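Got some structures for you, see below.
The following pair of complexes shares a single chain, chain A, combined with chain B in the former and chain C in the latter.
After this line comes the complex of A and B, so read on.
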């Protein structure tokens, strides 16, 4: 049980109770919610999950990736391609998807970290890889080229092939989000996690106290890429279609970063809080835009809302919220 | 834990055209405390950076207990048993004082709880225990210097490189730090090499002093010998003339 003990560690009982209640509520949610709210909740969990994955790199290890669509896209395409061409189900296909994304992450990471590209220069490298992968997929027949790759829509529940309605996808993404949360907590409470934080704060000082900086950064990008690939697989089977123009789009990479930035970089609850707020705002502004009948008003309000949050809560919403709730997540 | 013997042999480093360090050799026996002094820009920190692996020497070797360590990565040199502080302090600003030192302690103790305990013990010996939950960025400069020492010690080195840890401390604080280092050296036999401008500390601690100027070693001897050494007087009087 030492693993469980390490996980709960010095977390306050209030946090543990809140988490337990939240989990129960999420488990019974599909029985309470209608179709619309379930689809909103699915979006929230998706962004919480990919946000958690991206946060490992930026929030923990301090490495800015603006090309995470690369890993999601690769993961989705590989699993979907294997299924549509050879009938290999996603539970097997995800291993190939995770492996491919892990290798891609390792290549990007090695080029960036080995040659000491830092900050925005590293970010540019991640964008470049994502962009030229997009171009490559535009011309790759196996993946459907620019015309896209489609999965046959089938809502009869078939867990083996991840075919079914929203409820199935809800539980899968809930499991992923919860799993990523636990994994990130375990990582933070380990030597590796502390080494990441040290690298984020000052890589030179970290190396002087024995932190193998390159290796730690490589592990961060590979774990982050692998988790993001899982999100990509889920995404492909949920939406049943993939286009290079959207799967590897810059906008896709940016939206992955928003939840942790808005919620609080480097915190465990940040990506979750950020995903709730961002998805909520998105829905509200969509309704508002329809009611007002002004095209594009959604994007303007959304952008303004982000601006206000980042201006007034630059460390993210969660640290402030936790303080208000008396649930202070001890900043390690 | 006991101290390791440090040998520098013909160490040299150039930055483009500038000869930062040239043919510097000296030895610090295991368990000794030596000081490295010289005017600003003499190459002291460059020598430290070559010992700690932050810079690779262009020529010469560094040995720790007979093993060549020069050219290794800094983290490997830390593995070998060298701990260092930075002249321009480098705390992990966003982490608490305790977590700063815990990162160092994790080097020899992979479990977080054990590392934290070891870190807390070091902090109390350096008088930082009360501040352990503060963020490192909230510390005053003297406390940040102490934090540097604590974090380096947490890696359980056999050789400790201290780069101007007394600078900015009040005389009474210097005495406390001197007392701490002397006690540490006597109790554990840790070898210490310090760069220091505070002569009060150098005189009190160092068995021998190495003087560098323009990247070259100009003298070596006991503190008493050094203060009478003509080359050393030239170095420091020359600097005064320039003022």
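After this line comes the complex of A and C, so read on.
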């Protein structure tokens, strides 16, 4: 009970009620929504989840990673490879996937932090590792090489092997997104969370007052990588195919960062708001693009939207929205 | 057998050196912009691709050789770069990196998709008369187009060096890069100098694009690759160092060509990224950069 109390802590009843209603709505959503809207909602939840994972590193601990595709790609490839080669189901495979991504994160983090790379330099290191892995997977036979790795499409529901239709995947990603939300709240309220914020604001000062900076940064990157690997596993089984060109692409890393940056870095609701806005805009612009029949026009609208948001709401949409709604998320 | 191999290797190294000069010019633009205003141009490869398309259009519709349209393209890039810095980028100087990243990412998305919308997804190349000409240097054969592009790149780099070392504006820009506050104190118009710098950096990459189109055809999808390549080159050479960018370009150009000869061509970028990781960790100021500490 004390854990729940700590989690809810000083959150206003309005927020708690809204969250409760939102959760109930999300739980019954598959019964109300058609196929198209369910697929959109799945995308929103996916980006909210993976954004939450990235936000731990950048929003909480202040370490800019532009190579998170590495962890998602590793996770997806390992779980899918174990399943297609040895019949090991994803619920067991995800332990291997999470472990591998955690180790990869620890290596990237240890090298980067130990050699005190900061800002852009650290970001470039994460990109380099992700690209390096992409080329390696291009040439790795077990993982299908550049030809890709495919899972047999099977829509009969089989929860043990995570095979089934969109509704199954919807509930899995909903559980992941909700779990990550609660986890992030718990982390922020913990001593570790306070340490992260201290490091984000001023690493040298944090070090001076006795915060174990290296250890805290390492924990941030490992948790973040592990959660991202879960998203990768889910992604692999939802789409049934993996290619190095897309799984480890810089574009994949970038799309992971967008929802939290647009929504509001370091906030709990930022990644969720960002995922809703970006997925919504993406769908609208796809329709518009199909109507206009000009190649690239969808992306042009998307780029314009990003430009407008970063110029007028550089701190993200959520802090501004929360202010308008009279909900101040405490900015520690 | 061995002499054949050595000749092939020498041939590959020469080819790599020539391409590497153009890479160097591209990276020079990125390095100048970062060195002066500490903004990482995430739209660099996209700007390169725009330069390639402009040169292709000049050739395709107006029948002007890319080498002749280069000065005009560089001038256009300078003007657009100047305006872009003044309007969009200026407020973001000194802001957190992720905000600069998002801003330039949006610019990158706009540029590359404008190319896609105008020229389509097919690859576009120029077929020049000198396409099949070559020069012989002892046993080595130098492609004429590659040699011309490399010489032009070196000439432009030389001009840039003269600009930064001899002209008043160039010296002022270096002063502003060295000490922002002191530059303001002595009355330099730093905002204008920054815009000028972005213009110069953009002109470099536009010119590099005009040269590159004579060597390989362009598609919109090259853009992201060039952005990464430019990053690798400037970090390996030393971010903010002019010689570093040029030497880094040569190094990466040669390594690509040699990797294509010795191992599978598709593995060539693995070497570049491996090198990037090593340099970041062991010598973050770059192989040719000066240490800050």
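Operating definition for what follows: the second predicted complex is superposed on the first by the 332 of 332 C-alpha atoms of A that agree within 3 Å, B and C clash if a C-alpha of one lies under 4 Å from a C-alpha of the other, contacts with A are read in each partner's own complex, and residues count from 1 in each chain.
Rule of thumb we're sticking to: contacts are C-beta pairs under 8 Å (C-beta built on N, C-alpha and C of every residue); 3 or more make two chains touch, one makes a residue touch a chain.
Every value quoted in this text rests on a predicted model; they were computed, and no experiment measured them.
*Asks:* Tell me which partner touches more residues of chain A in the superposed arrangement, chain B or chain C.
*Replies:* The partner making contact with more of chain A's residues is C.
*Asks:* Where does A:202 make contact in the superposed view: on chain B (first), on chain C (second), on both, or on neither?
*Replies:* A:202 contacts chain B only, not chain C.
*Asks:* Should A:190 be classified as contacting the first partner (chain B), the second (chain C), both, or neither?
*Replies:* A:190 sits against chain B, while chain C stays out of touch.
*Asks:* Would you sort A:127 into first (chain B), second (chain C), both or neither based on which partner it touches?
*Replies:* second
*Asks:* Is A:211 contacted by the first partner chain B, the second partner chain C, both or neither?
*Replies:* A:211 sits against chain B, while chain C stays out of touch.
*Asks:* Quick check for you: in the superposed arrangement, does A:115 touch first (chain B), second (chain C), both or neither?
*Replies:* It touches chain C, and chain B stays clear.
*Asks:* Should A:94 be classified as contacting the first partner (chain B), the second (chain C), both, or neither?
*Replies:* The answer is neither, since A:94 touches no partner chain.
*Asks:* With the touch criterion stated at the top, can you tell me which chain A residues are shared between the chain B interface and the chain C interface?
*Replies:* The overlap between the chain B and chain C interfaces on chain A is empty, containing no residue.
*Asks:* For a test of understanding, state which residues of chain A touch chain C in their complex under the given definition.
*Replies:* The touching residues are 58, 64, 66, 111, 115, 117, 119-121, 123-125, 127-129, 131-132, 135-136, 138-139, 146, 250-251, 254, 257-258, 261-262, 265, 294-297, 299-300, 302-304, 306-307, 310-311, 314.
*Asks:* Could you please specify the touching residues of chain A with respect to chain B in the complex?
*Replies:* Within the complex, chain A contacts chain B at residues 6, 189-191, 194-195, 197-198, 200-202, 204-213, 331-332.
*Asks:* Considering the complex alone, what residue numbers of chain B touch chain A?
*Replies:* 52, 54, 73-75, 78-79, 83-84, 86, 90-96, 99, 102-104, 106-107, 110-112, 115, 135, 151-152, 154-155
*Asks:* Which residues, counting only chain C, touch chain A once they are in their complex?
*Replies:* On the chain C side, the touching residues are 40, 88, 91, 95, 97-99, 101-103, 105-110, 112-117, 120-121, 220, 224, 228, 231-232, 235, 264, 266-267, 269-270, 273-274, 276-277, 280-282, 284.
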